[in-house]
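Order of writing sets the chain letters: A, B, C and D. Residues in each chain are counted from 1.
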Amino acid sequence: MTPSDARHPILTVENLFVELSRKKAVTPILQDVSLSLPEAGMLGLVGETGSGKTMTARAIIGLLPPGVHVKSGSITLDGSELLVDNSTAMREVRGVQIGMVFQNPRTALYPMSSVEAQMKRVLRAHLNLARPNRATRIHEYLRLVGIDDVRRVARSYPHELSGGMAQRVVIATSLLCEPTVLIADEPTTGLDATIQRQILELIADLQARFSLSVLIITHDLGIVAQYCDSVSVMNEGRVVEHGPKRQVLKSPAHEYSERLIAASDLRRIRRAKTSEPQ
Amino acid sequence: MNAEAAIMNARQWLWLIAKRVIFTIPILFGVATATFFLTRLAGGDPAYQIAGPFATDEVIAAVQKQIGTDMPIGDQYAAFLGDILRGDLGTSIFTDRPVISDLADRLPATLTLVILALAFSLVFGLALGSFAAYRRGRAGDKVVRVGSFSALSVPDFWLGLVLLFLFFFRFGIAPGPTGQIALGATAPRDITGSAIFDAAITFDSAAFRAALHQLWLPLMTMVFIFTAPITRLARSAVIESLTSDSILFGRACGLPKRQLWAYATRAALPPVVTFVGILFSVLLSSAVLVEAVFSWGGAAQYAVNAIRQNDFPAVQGFVMAAGVFSVAIFLVVDILYRVIDPRVRL
Amino acid sequence: MRALRLAAGKLLRQISSASNHSLVWGALIIAALAVGAYLVPAISEFGAEAANPREALQPPSARHPFGTDRSGFDIFVRVFHAPRIDLSIVVLGVGIGAVLGSLLGVLAGFSRRFMGEVSMRLADIVQAFPLLILAIALVSLGGNSLTTVWLVLAFVNVPVFMRLTRSRVLTVREQRYIQASVALGNSTPRLVFRHILPNSLGPAVVQFGVSMGYGILTLAGLAFLGVGVQLPTPEWGSMILGGSNYITTGQWWISLFPGVFLAIAVFAFNLLSEGIEQAREVHAR
Amino acid sequence: MSSLPMGNTGQEGASIAIAVEGLTKTFHTRRGIPNVVAVEDVSFSVETGSTLGIVGESGSGKSTVARCLLGLTPVDSGAIEVLGRSLVGAPAKQLRSWRSEMQIVFQEPYESLDPRYRVHQAVAEPLLLHTDLRGDVLGRKVLDLLEHVSLQPELARRYPHELSGGQQQRVNIARALATSPKVLVLDEPTASLDVSVQEGVLRLLLALQEEFGLTYVLISHDLTAIRAVCEQVAVMYAGRFVEIGPVDEVLSNPRHPYTEFLIGAELSVDPDVSPLAGIVRGEVATSERPPGCLFAPRCPMRVDQCEEGRPLFESVAPDHVAACLFADRSVDWSD
């Protein structure tokens, strides 16, 4: 780990090994992954398909897919170890201390209930609020994520919402019980440029207002460059480089990060033809 | 504002139901047409069968005149449709009573069996299927999977016989194949024709116990068979919803297990409900055989006897009635589906 | 001879090491039933239709492993003989229904509009009837012959396959590779036969196993009601019927063994169908 | 009506490969649901051997334009001329034989390949349809094509699901190039690929263009890809072109507020280059089509006049037009 950030880390992952066992074969998924999310900071976790970035997020929140399990390592949230075999304790972490936002907002919401009904269930799971206060809080959070027509959206079913609107509802739901950490797994992939900007600005705004610590998982280096403080680059299940974004993006130390940054800058492949004077 | 929305909503629902009911009219018409032509096509002129193999030409001609088959086929068809619209399904040759009242007497017995079997199979199937889904890959799941897969292959009528042998002949805890009401047993006041239902609504506990005693074995036969496909379907549907993004998000929000199970099971309901519509006509087929095994005396057994005795109008009447019931179930399922799943609503 | 044995052993090892157990076992059981239908009667001392009233209603013994029925028929031989009737009629009936239904399904799926709608409503109507009653009515009114039985099996299976194939065609034709094929310059007939059809038949193949199982049950159910195949022809359903009156007096073997074989046959076809589905999933991945 | 936005691009004698005039397409949906206007009055032309980029967000109608260009979707009105042939109303058989000269590569590399065709079968298909090549000659040609898109010959016997996304897209490109077409429509060819793979595919496309003198239409939502490959760019919003011009000119000097926003919204990999401060509110309205400028409901410069009619194209620089009443003014994003 590079202790480049002076701030106290709220979430740390140390020497995490995760593997997939199917029948007799064991495939390593994550190898010696270490991360450090500074308090009230925004850390970008970048990598390509299959690099293990999503698995890292799911290991943190304790929701690895069937057959995938942690072999060794440590994950601590505000000093306390999360990798203890206790599902009830983990349930008190999810939604309460760590909120999570997924890539596909329209399938993340429960299709058979209205927005308000499913948000109420999340609220009831963690907080003891009187009935009218619940509705007030839900409306308050929907307004917080930039929804103007709160009453209509609260009554809507997920399939009636656009992708951007659904992602706002997902964010509102995951923040409903005031977690201190937000993990956003490709929160804007598949959304249009205009909507992507809206959602990213919203996350940045919420982060500043509530001193949220945000781990943003993405394949898009542009998001890292514009919104994060620091970045960890993953490739084939390993963190190959970590550091403040300026340092990593401007003078990458690892050969893979260098290639990734080069590939993201498509300007380089402009053909010779157009650069000639016409 | 809210009341207004509720009225709007109710109006939309009424309109939807009305639309669906109107859509069934051509299907019912088709059912009637198919009944008429299929029985005519397959059987030829029923007069020959009614009159018997040794009848003279004059007798046949008389029978033809009596049942109307001397008319051109188009006129016969028109007459048949006209009769149906008046609720007249003809007169049974064997019982010499209107087919419609014969059916009215016997259908409740059949429907008791079919509807109770459907209800129990649904409850057991959903429970077993969800259970297997939640314990996917573990021992419990394997038992349910192998069990339900094997049960799919068991012939219902044979199972009925085996159960009779075991519980009647060997253990003596079930009655023999003696129908809805055993000879000499306490019978409830006959209101609908379904012994157990009549006993229940007249609070006749002795008759209820007697009827239940007769009912449990045939019911068990059918429930055993039909729990299997529902279990398999429910299992795969619950697995699909358990692995969906929305359950993952629910878990990430820290929802309690109870809530997640409720989510997954509810999301698995639409395919199960759709399947019930298909299952109903299979259940009616099964009832034909189970009734025969247990001498149940319902409409299905009536139809089989009618076929054996070449009782042409009775066969036609039963096929028609069964078609109408199936269409009605399709209608109910279609509306239920929309109630359950907001995505296809209205 | 030795070489033959070695080859057979190798084949068996290969089969048992294959990961698709359902497919292998389903096929093996069906093959065993088919072979047994000719092998067992050939080596048995009893004929499948040889009555022997002096040995009527005998419980299972070394001489009659499955006992005898009221006419003194040896149930063992008859149970093995039965697939000759059961399997051949059902293969014929369901096979014709499947081919016809799938073809109509492709047409209905491709001509989406009017014809598609009309044929689907016809299928609705046929499927609204309880299948067994329809079959009984048609078979008994149509002269109670074996020809009518397979005709009826074909008839009731047409809508099943039609519906299935149509919905698959409707999905396939919206696939991107179909659009890509049009863009490459495929003509409509070539598009249908080279791209849409091969990609649309999978569910029908899976359904074929299920329909076979259900067809065997239907045929036996008909025979149990005394419709279609009749005693003394060896057939599982009619044999169960022959023993049904004796079940309440304790002669269980007459109905039990035919039922067990009937269940095994249906089980094998269900297994086969599941195996095919598995194989398809592996291929599609 | 709008004027044809692109005339002569300055180079004398350059031939036009694609000419589209007043293209309009409405999708008629089921009763009760309003019809969707996908493309409205779109006109453009592409010079032989050059690349036009069409950029827009989902639902802007850019993919419909791509399909209309190949005659895959019938148009409501307008004229489409590709390689001097009028596609609108052409008989199906004629259209089919023309397909050897115009091809398309779709966004989804896996979904575009028939799952039952091996790689060599997929690449051979257009050759079987349009040429007399058979047997060994055909086989050699297929291997030659695979080599051209940098695919190892061992992959020829694989099924699509046994290939990576980048390899699948190369198969699609090889198949599209098999009959040596002159026009290639690329509908988001790299959108579903990882960045490092994207770069390789775009490089390949450029090399092939150079080698065979291909004319490209590149449909994309990604300005970086457009900037890398295209000479001309058209910006599409809600079914209409709002700005067209040379790519450098349009992207460095945008005259339509929507274009300006799209450029400003780009997130640069360089942390020192910040994006535009303002963000466009709201979302594209899919069903309502007011009579005025379609962008007006979200536009920071909107005045009442904007709602009176569709703004006409205004020429702002040589070959550069924008359909905005304020094409000569820059946008004030402070909001």
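Everything below uses one rule, namely that a residue touches a chain if its C-beta (ideal position, glycine included) is under 8 Å from a C-beta of that chain, and two chains touch if they have at least 3 such contacts.
The model shown is predicted, which means the values in this text are computed figures rather than measured ones.
Considering the contact criterion stated above, no chain is in touch with chain B and with chain C alike. For the pairs C-D and A-B, the larger set of C-beta contacts lies at A-B. Chain A and chain B have centres, each the mean of its CA atoms, that are 51 Å apart.
Separating the centre of chain B from that of chain D, both taken as means of CA atoms, is a distance of 56 Å. In terms of which chains touch, the assembly is arranged as a closed ring, every chain touching its two neighbours and no others. Chain pairs recorded as touching, per the definition above, are A-B, A-D, B-C, C-D. Interface residues of chain C, counted against chain B in their complex, comprise 121-122, 124-134, 136-138, 140-142, 148, 213, 217, 220-221, 224-227, 237, 240, 243-244, 247-250, 252, 255-256, 258-259, 262-264, 266-267, 270, 274.
Across the complex, chain D is touched by residues 175-177, 179-188, 190, 195, 198-199, 284-285 of chain C.
Contacts from chain A toward chain B in the complex involve residues 61, 63, 66, 91-96, 99-100, 102, 104, 107-112, 114, 121-122, 125-126, 157, 159, 170, 173-174, 176-177.
Chain D meets chain C in the complex at residues 67, 70, 72, 92-93, 96-97, 99-100, 103-104, 106, 108, 111-116, 125-126, 129-130, 161, 172, 175. Chain A contributes residues 48-49, 162, 164-165, 192-198, 201, 219-223, 225-226, 245-246, 249-250, 259-261, 263-267, 269-271, 273-274, 278 to its touches with chain D in the complex.
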